[in-house]
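Below: a set of structures, written as structure tokens.
In the two assemblies presented below, subunit A is common to both, partnered first by subunit B and then by subunit C.
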Partner chain A sequence: MSDNDAADRPPRLDRRQLVGALGGAVAAPFLIRRAQAASAVNIGVILPLSGANAQFGVNSRNGIQLVADQINAAGGIKSLGSARVELVVADATSTPTQAATVAQRMITQNRVAAILGAFASSLTLAISEVTERRDIPLLTMSFSDQITERGFKSVFQVVAKASVIGAAQFDGTLAIAKKAGTDLKQVAILFEDTAYGTSQAGGLRKAAAKAGVQVVVDEGYPLGITDVTPLINKLRASGAQAVFPVSYLNDSLQIIRVMRQQGLTFPAIGGAAGYVIPDFKSGLGEYAEGILSISPANWDQDPALTDTFSKRYGYFMVHEALEHAVCLDVLVQAMEKAGKSDPASLREVLHGTRFEGGWTKVMTGGAVQFDAAGLNTLAEPLMVQWRGKEPVTVWPERFAKAPPIWKA
Partner chain B sequence: MPVAAIAAALIVPLGLDGDGYAIRVIALVFLFAALGQSWNIVGGLANQISLGHAAFFGIGAYTSTRLLIDFGLSPWFGMLAGGVLGGAAAALISLPTMRLRGHYFALATLAFGEVMRVVANAWTGLTGGPVGISVPYSAPGLWMLSFKGTLPFYYLNLTALVGVTAVFVGIRRSAFGYRLQAVREDANAAEVVGVDTARIKIQAAVISGALTAMLGTLYAQMNFFFDPDAVFGAAPISVRIALIAIVGGIGTAAGPILGAILIVSLEEIANVLLSGQVAGLSNLVYGLILIAVIMIQPHGLVALGPVFRRPWRVPAVDAAK
Partner chain C sequence: MALIQAILDGVMIGGVYAVISIGLTLVFGVMGIVNFAQAEFLMLGMFIAWFAWAKLGLDPLVGAFLAFALVFLLGLAVQHWLVRRVMRAPEVAQIFLTVGLLIVLENAALLAFGSDFRSVSTPYQTAALRLGPLFVSVPYLAAFAMSALSGLGLWWFLRVSWFGRAMRATAQDPMAARLSGIDVDRMRRLAFGLGVGLSAFGGAVILPYLTVYPTVGSQFVVLMFTVVVLGGLGSVAGAVVGGLAVGVIQSLSGLVFPIQLQNLVLFVVFIAVLAVRPEGLLGKAR
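And now, the complex of A and B:
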């Protein structure tokens, strides 16, 4: 009996040590946090850095990093004692659960003052459910209508929402076609069945109904579709005068390439995302020229600012990088004004201020102002058209940098 | 040992920030351990490797959330309704597939889970479609399963884990459990000695499906937001649940718990340490470690040696004395 006990003892002690070690591991981050100096403001950045949307996540991170470095080089946040902007970057992966967990971690471990992210609407929605309950401001450039339609107080959307962007995509197309003497009667809509795709398609559909234009093809397809030929065949048979393929990168490349290879030359109007990044041009080559797209913002609205991006990273400042840059700039402006970085004061300043100067100049209206729901009321979507290596703003006329080209 | 483990789990939160990240991660460990455990009833005892458990999980999440949104019904009733629907779905999918064995069964269930995901994406009126669905935020309280912080879910998930584990152990020790294990060892021999193999497999699937669906409700309430890919997805749910049970030790009570501790915390650690660096590095490292674990110990973590195995044996040895 006692022999057995003695034999049993060593592993038990081991187990206790194991528990002790695990406890230590759990406690360590808390202790390390205590020891850190307080002359920096932590800002959380949650982006999809792996998976299907990784490219957009990386672009966004570049934009945020650029602004953070600019602010720190200029002496940090002055009203907070020249506090440095410290970015806490994490991968949202592509699952909302992971994004929410990351948000929780940033709030409790890193004590972030606010969170920026997360490009994809489903990730942003999941994060917002966490930030709203913890009263942490979340600044986003995701389009989904839901983001600012749930009555949340701590979410801020710097771009127009998806239904507005979808409607503008349609109205802009009609306007450009009309200017070229084409009366648009029949169009096709192709969309990926994600949060982003369905809500943009919904906006397009409504706009078409309102304009009395017939939608002759209205097809959803799964993200990462392997063969678009059936879609293109449907398109050919439909008699559509223009096509709206709403998609992220790879799918849009496939759709346009197969269309052009099969000799379908009518205009294609993209819905931002994959249509307005350098990879679109490098993936399609000459087929990219003249492709139209809606975009919530474009680099050419203030080239002096966006050139700092292209100089550092070697490609034009894509809209997600630009809007994330604006998110961070607005947040820092709010901190300057509040003189504090606690969530309640930040939220108050974010709601009640018209932000001007800095990166907000590149947005339409040259400023950013949030309404009670947190939506930037000054943001207007733009129509851009590929010219050489970059998309150029062509509509609405007051923002246009070049006249649109329409080949019926 | 189980009692000591539960006691430790009850005490741990006292030392941590109640709304904190560590609590959330441990709560997720409990939830996924419970999911692994309910998978274990079919996958472990009868060796019917299901890769479609997300189907039941999603049914539970959507049922309770839909009832909550449309009728303001307490998620507790939603959980029961989800359990019934999950069990019914398990029976439905079992009827044609239970005679399949090995890879064929795994493939059939994988397809079922994917079908549910596609349906949920398309059926926008019911599920909100790919845009996802937000769980309405009710006044905090146990009745509406709604809390501002994470700590209540820590205890709820722990309770769920203890409950599902008790069901698993109860089944394993019952005549029903022995029949299931007979099917696992040799289905033909079991038939010969008079076990209605198809029938008991369906019964086990129904119990497993119902429990998985009920855990889906808990997940929905804890996460506030989900979309079809999050609850019906093969990688985030179906394969993960099976992986947890397999890595931990298939067919054992401790297996899914050890598996969930390893897999959930590994994902977190990889994300914390590596995701801010090179894009995608955290997933790569996570995958490599999992491959290493399976290669070093194909029987799961429970087989790693006396350190882990003994605690579960000690009571039996004492009783024998």
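And now, the complex of A and C:
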């Protein structure tokens, strides 16, 4: 009924519409001009910027922002008519469903050419389901083996897989100990019992079995643990010669502190995450010195590049910032080479190219090359050791910047 | 020897549990209100102590007094403007208020401080005393000593001071207290302020061995209720006994079971105690 009434009435311009139309007319030239000059490429960045992993997300964003600014300052992407890199950053929180929703929105609304993210493997896996369906390239530094083991065509992993990292954590330790004249016979594994801790502990366990080393303590603990004393009491009684704790920050600080309280000075070899960030040092002070950890990459492989980061943000370039920087650099190199930013040609170039120069120089092998599954075949995990304010690469020897110190 | 070590660790941790839980029992005893937001005041205490350490250079054990004072004032305000209004309301309204307060405080902290984990660094953090084969962790010992100190202070306050006796009178019979010239509203304000202030104090003294983040309260809330109900809801002495019991049970279970089962053991004991003594270890039968 009311519809009919409206239809009968002659069309009339009310005041609100008039203002809108006038406003539009005034703004139109500016909008059009902006659209022309803005030959920009939208690149999606999805990271945990709130929630338990926010710190790692912020570090990653800093790394990506740095590279984007460097590229834009140098004149943008030349083969695309000097197009600017326009980052579309979104918070994945810490829930996979939210990460997937954000990815969906970026693809439909922001028309992103590719997506970078999302630090935590569980988030990356959720995003990859969306990007694979929509054929959008996803570049990541998450560790999980599953990422490149599902036969996906549009996912690219710039770091080594979790199982490789876990094995390297063990093998590197064994090699360093041997060099110092210690034969490791008994070790302990402590891990936080979410996906990251359990999967990496699995890699450690396997490597230990292979090397014939006995695991005398093998305990998971809840992530929000408030009293690690019972764990350390067990550790002290176990006769372990080294301990492999796989933890985020809160638990890593507690474990090292209580170990030191009880006078346990045998080496602790962390599993990246909580052990290779500046807060680990600020939380432990001098007790951080000499702590070893595995890391998928380290700033000291090319200080000339990573110094730009520490100058801008005031702390050393943590590995997640660095690997995300590499993701963006590789993506831009691919666009430069393709001369297009459509997903199909990007995917083709990403699969078939050995990327050199730029930020890839920080990675082991000094380059990035993806295999058919999207895994960077040149990436190798590094052993790092805290020296003063930064972790320094100590193993494998050809990448080492300082000799490892082993205090048995 | 491992047994003695475990009991020792348990007693020290339990002393801290007692102090953070006393507030909950005090508020319930005096006002009959279950404060679900109690653990969020502990979180606030930890943050105050952290900022006192980072900005003013105060050791958390000193910052604890500042945390107590500020959260005490906040408690007065919360009691006056929020809790007082639901004193006579149905229990559901009281639950909604304190649960709402929990959500507001937690998310306000997230907004204001971000989700970072913050940790202090103090010289005694990694120190331990050695008694023969036993280790006494200095931060645990310090937290225990501070907890004992505040517990004794509270005991003196409730037993000896006029305010404390007036507060106990209010708890026993608000009407009779009012007839004897006691300002019942004021006593309730004081009780609520003291209750949340003590939790904040407890939060500050454990900061040397923990990290603070906006959702840290959730690690403690179930523990606090267990302590209080185990000891007897509304009984301050009960909270002390309950706290020590929970600490020792957790620590002992670590000797036999994996640490992930710590709380399973705790709750099995908890349910067993309630089956035999529903009023809790020191609670009065109703």
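The rule is short, and it goes like this: the second predicted complex is superposed on the first by the 370 of 408 C-alpha atoms of A that agree within 3 Å, B and C clash if a C-alpha of one lies under 4 Å from a C-alpha of the other, contacts with A are read in each partner's own complex, and residues count from 1 in each chain.
Operating definition for what follows: a contact is a pair of C-beta atoms (placed from the backbone, for glycine too) under 8 Å apart; a residue touches a chain by one contact, two chains touch by 3 or more.
These numbers come from a predicted model, not from an experiment.
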item: Fit or clash between subunit C and subunit B when superposed on subunit A; value: fit
item: A:Val89 touches, of subunit B and subunit C: first, second, both or neither?; value: first
item: First, second, both or neither for A:Ala304, with subunit B first and subunit C second; value: neither
item: First (subunit B), second (subunit C), both or neither touched by A:Ala100; value: first
item: Of subunit C and subunit B, partner touching more subunit A residues; value: B
item: Partner chain(s) touched by A:Gly263 [first = subunit B, second = subunit C, both, neither]; value: second
item: Touched partner set for A:Ala54, first subunit B, second subunit C, both or neither; value: both
item: Which superposed partner A:Tyr287 touches (first subunit B, second subunit C, both, neither); value: second
item: Partner chain in contact with A:Leu249 - subunit B first, subunit C second, else both or neither; value: second
item: First (subunit B), second (subunit C), both or neither touched by A:Ala73; value: neither
item: Lowest inter-chain C-alpha distance for subunit C and subunit B in the superposed arrangement, angstrom; value: 5
item: Overlap of the subunit B and subunit C footprints on subunit A, listed as residue numbers; value: 50-51, 54, 193, 220, 222
item: Parts of subunit A lying in touch with subunit C, wherever the complex brings them together; value: 50-52, 54-55, 193, 219-222, 224-227, 229-231, 233-234, 237, 249-250, 253-254, 257-258, 260-263, 279, 282-285, 287
item: Of all residues in subunit C, those that touch subunit A in their complex; value: 2, 5-6, 9, 13, 110, 114-117, 119, 121, 125-128, 130, 135, 137-140, 209-211, 213, 218-220, 250-251, 254-255, 258-260, 262
item: Of subunit B, residues touching subunit A in the complex; value: 8, 15-17, 19-22, 24-25, 28, 118, 121-122, 124, 129-132, 134-135, 137, 148, 150, 223-227, 229-230, 233, 236, 267-268, 271-272, 275-276, 279-280, 282-283, 306-307, 310-311, 314, 321
item: Touching residues (chain side subunit A, partner subunit B) in the complex; value: 1, 8, 11, 14-15, 18-19, 23, 26-27, 30, 49-51, 54, 57-58, 88-91, 93-98, 100-102, 104-105, 107-109, 121-122, 125-126, 128-130, 133-134, 144, 146, 150, 193-195, 197-199, 220, 222
